[in-house]
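First subunit A sits with subunit B, and in the next complex the same chain sits with subunit C.
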Partner chain A sequence: MRRDWKFYSQLGLTIVLCLFIVVPVVMSALAGVTVNVFKGLSSGLTLRWVFEVWDLYAQSILLSLGIAMACLVVTLLAGVPLAYVLVRRPSRMMRLFEELLTLPVAIPGLALALALLITYGGVSGYRSSWLFILTGHVLFTLPFMVRSVAAVMAAMDMKMLEEGAASLGAGFWRRFFGVIVPNAKPGILAGALMVVTLSIGEFNLTWMLHTPLTKTLPVGLADAYASMRLEIGSAYTLIFFVLIMPLLIAMQALADRGKRASRRIDTAEDTL
Partner chain B sequence: MSTQIRLRNCAKTFADGTRALAPFDLTIEGGETIVLLGPSGCGKTTILRMIAGLEFSDAGGVISFDGDDVTRQSIEKRRVGMVFQSYALFPNMTVAENVAYGLKVHGVPGKERDARVDAMLEMMHIDMLADRRIDQLSGGQRQRVALARAIAVQPRVLLLDEPLTALDAKLRVRLRTEINALLRKLGITAVYVTHDQEEAMALGDRIVVMQKGEIAQIGTPREIYRKPQNPFVADFVGAANRMTGQMRDGRLHIGAHVFDAVDAFDPRHGAIIDQGAVELYFRADGLSPCDLDEAHFTGRVEAVSYLGERLRLTVSGIGPQAVTIDTHADDVIETGADVHCRVNADRLTVFPAVAAHS
Partner chain C sequence: MSSVEHIKEGRSRPSFPLSLLPLVFGRATPGAGSPAILALLMLPGLIIVAAFFAIPMALVAMRVADGPDGLATYFVILTNERYLASLIQTLVMSGGVTVTALILCGICGLFLVRNRFAGRNVITALLTLPLSFPGTVVGFMVIMLAGRQGVIGSVTDALWGEKIVFAYEITGLFVGYLYFSIPRVILAVMASAEKLDPQLEEAARSLGAPTWRVVKDVILPGLMPGLVSSGAICFATAMGAFGTAFTLATDIDVLPMVIYTEFTRNANIAVAAALSIALGAMTWAVLAAVRVFVGNGATSGTGGGA
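And then the complex of A and B:
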């Protein structure tokens, strides 16, 4: 096939647009390992800034990871049963509750944080602990977990699967953990990755809720850009990338696997 | 060995006040296969789910298995095997794991469990599929797995809810034959729900025909087919042709013709219909085409359909509605032609006319 000028002009435009997005990422990453950004790459490459970030902000980074994990545990414990009830016993009350649950996603994080501060700001032990930030993160991420799990549950005819299991003698807990949860796994995994990613990256809620002793990774990043050398802020971004990219890739891979599995059904042949 | 099931005074009214089932009694003998037959919404599935323990009877109803009252028992405790129209197999498990599930729940130890699973798979001719995932199976294979899984736990009763409805016609007949052989071999008490008359005839020791939440007739396939007890059953099992007539002194008058050899016993009233207006239900063999000089009636052919071994005519002018009549496949008959036919009086089912006894 002969490619005419239209093809090449479109290709050119695509490349330019991609570069427009990719170049700042590369520049930022490079800035994090350059000796002196203002002199450019000629000043040489170094890992010094990365180590310096680690020295300064290791606690924020670890705290973020800790909060993300705690957030995951809470959203799993609350979200999976909640999704089950929403799908299994739908009613007007339940729908209303689901809308209510989704509200924190629609409200600006700052407003949500303000509400938390007004209500619980006076409880000093709670206000100053990381649990306060965890509360905000759970409010914000729970709907994502519930939606993700509920979508998979709604597609699998739980009522019939449960009736099948019950006819074989399985009680509720056995059915829930042996049949419902394993079959909801794609939704649970997708929800889990979403929750962890959102929690690690959450800024505007957390910025309002944090104290100097409970700084999370993104709050630390803002702090680094505001008060440190540009190289340190950039090196910080680099660390952030390294943490978040595998999660995003895993999320994509999971979505692909879900699609492949559903396609396989059509290929089964009726031989018996 | 096999379990007798008794339902006494069971009824079902749903929360919104709709009556799904009027109070009824039903006894299913040990080892018997009962087919619940009826159009959708007639309550047949509700009865099955009541026996399973997935629905509970209104107050006053009692269900017992071999004399044990199970009315308030949940499905987990009843030891019933269920086979669903849409299989209800666990997608997170392989074929073998699906069959092993119930055994695991019942605490059957590993070695014995494996042996039982193998035996089940072999019996259903799916031993080569043991390690497959459910989404790699065809519909027919899935229903075999579902049967193996239900039977593996040696249930007291096997409940089958339209198990063949989702399959294509050829496979349906084949699996039906196999299920029939399986039920005889196991000698298990079975309840089978279907809306397909042919399936019911082929599988049932007895058939329960349901109509709008009530039992319209219980009987062997032969009784249901030959002696439907009311117009609904007659119509549902294929005797959809209708004529009207008069009984006078035990003889049937249709128009100017008189017939002697008519079975005019009315089972609902336990008496022979002697006098009065009657409705006559019959299949395509109730009338046969003949020459003009032997004919009782002459009608007009409205439609002709070729069924291979015979020709089916839709004829107007004989009953209140058009009737169907079969003739030789080789006959050449055009739409719009006249057709002469005789009444085969022994093929008619006689009911009192609705107006006469209401």
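And then the complex of A and C:
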């Protein structure tokens, strides 16, 4: 390909966009390990702020991880069977239900949180426990699990697999757990990563649903940004990055593998 | 069809509630579970959606209608000057962010798909970095960029001796939503650009079409579904986002902030509920319209956050 001024101007714009994304990330990561941000890097590097964040916010960080795991369990138990029914038996009523299921993604988290507060705010034991936050997270992440699993299920020839297994005498549950679930694994894995990532980062709903005793990681972040020194906020952000990065990389790798697999199928079909 | 099957399987006709199941699940297909098993599989999801979403939403809607102003509360967003101004401000900003993100990501996404050069994969990975940052973190990134200690401030201070700071106002919010939207739009553009047929472009060029015609008649129509669906998600997210504004400043008058203050500070629950239902209906309508326009599944997979 010819490399003229058009190539270089587009490259320039791409690099500027890339810097726009990366510079603040790097700056905040550095600020989190700098002795004094106002004096700059020359004041030296330290892990003091990271430890201080851990002392202050360990509970919210651990609560977030716990809620994310609980959210994963609930979305797996409810979402995988739901995806199966939606794919296997499409009907108008099912499509309507799917629309209802996806609605919590489309409407602002604030609206959802208000509805939950008005309905269940009076149930004191539930309102003040972490289960209240879990409810919001499940509503928000369940559609992602269902979509991800359903996409894989729709692409595989479920009818043939199931008929084959049935003709060999496998009952429904045997077919479901022995054939359907293993074949849907890529979708389940992608959905699981998505659910955990979204749950760890969820703020819109959680800010409204939390109590002083049930603060999650992003709620703690907002608190640190508002009332702590810049280094603490930065160190906290750094901890968040470290938590979320492996999840993002795993998601990217999974997507790449899926793309390569589908390309292999394409070329195989071309040669036929 | 279903009753025939029941006889074949040696069962008696199901009683009333069970006889409704085939109606819900469509026609029976061999190999799938029986309607009763399917209903059982659906049950957990059904309970979650009904108990924690459908019923609370219905209760809120009724609560608003029972309020002092009744159904008119829903239109307060149009009749109250302050709410209307905030609605317009939110609409204009969300639209602006969407258009800016589409133009920038359209150019860069197409460039990244069309060209192979050293560092291309790294750039792509970095551009999608903020995909799952919560709104609060995005707000903090804006402060890093344009806040009192930010890069832009330090650079302009060194160059002209004047610190440019715009993080804590609507411009900062605009930058934040752009930051948040870029990964989503760039992924969508790259996915549609990979499906474009380069031969079409070659053909147009060999027939003597100038570059702008190729872009307008060949490239843009090909990218359109991706642009429209990611633009819709961008717009909907910007309309409802709350964390970024919350981190930057609490006096930015975008609609989610107004709802938040009505609810927490003024305890004006009916108005807060009516405003949030109106906001929810608007964002849902945008997403639904786009799905009708570009076909089903277009708005899936992305979204969330901010």
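As a convention for this text, the second predicted complex is superposed on the first by the 249 of 272 C-alpha atoms of A that agree within 3 Å, B and C clash if a C-alpha of one lies under 4 Å from a C-alpha of the other, contacts with A are read in each partner's own complex, and residues count from 1 in each chain.
Keep in mind that, in the parts below, contacts are C-beta pairs under 8 Å (C-beta built on N, C-alpha and C of every residue); 3 or more make two chains touch, one makes a residue touch a chain.
On a predicted model such as this, the values are computed, not experimentally measured, just so you know.
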First (subunit B), second (subunit C), both or neither touched by A:Ala170: first
Broader residue contact with subunit A after superposition on the shared chain, subunit B or subunit C: C
Which superposed partner A:Leu65 touches (first subunit B, second subunit C, both, neither): neither
First, second, both or neither for A:Thr237, with subunit B first and subunit C second: second
First (subunit B), second (subunit C), both or neither touched by A:Ile107: second
Partner chain in contact with A:Pro182 - subunit B first, subunit C second, else both or neither: first
Which superposed partner A:Met156 touches (first subunit B, second subunit C, both, neither): first
First (subunit B), second (subunit C), both or neither touched by A:Ile15: second
Which superposed partner A:Val73 touches (first subunit B, second subunit C, both, neither): neither
Subunit B and subunit C footprints on subunit A, overlapping residues: 163, 165-166
Touch list for subunit C against partner subunit A, complex: 23-26, 29-34, 37-38, 41-42, 44-46, 48-49, 52-57, 59-60, 63, 104-105, 107-108, 111-112, 114-117, 123, 125-137, 139-145, 149, 151, 179, 182-183, 236, 239-243, 246-247, 256, 259-260, 263, 269, 272-273, 276-277, 279-281, 283-284, 287, 300-301, 303-306
Interfacial residue positions of subunit A with respect to subunit C in the complex: 1, 7, 10-11, 13-15, 17-18, 20-25, 27-28, 31, 37-38, 74, 77-79, 81-82, 84-85, 88-91, 93-94, 97, 100-112, 114-116, 118-120, 135, 138-140, 142, 144, 146-148, 151, 158-159, 162-163, 165-166, 172, 175-176, 197-198, 201-204, 207-208, 218, 221-222, 225-226, 230, 233, 237, 240, 244, 247-248, 252
Of all residues in subunit A, those that touch subunit B in their complex: 156-157, 160-161, 163-171, 174, 178-179, 182-183, 185, 261, 264-265, 268-272
For the subunit B and subunit A complex, residues of the former touching the latter: 52, 54, 74-77, 79-82, 84, 86, 88-92, 101-102, 105-106, 125-126, 135-141, 144, 149-150, 153, 159, 168, 171
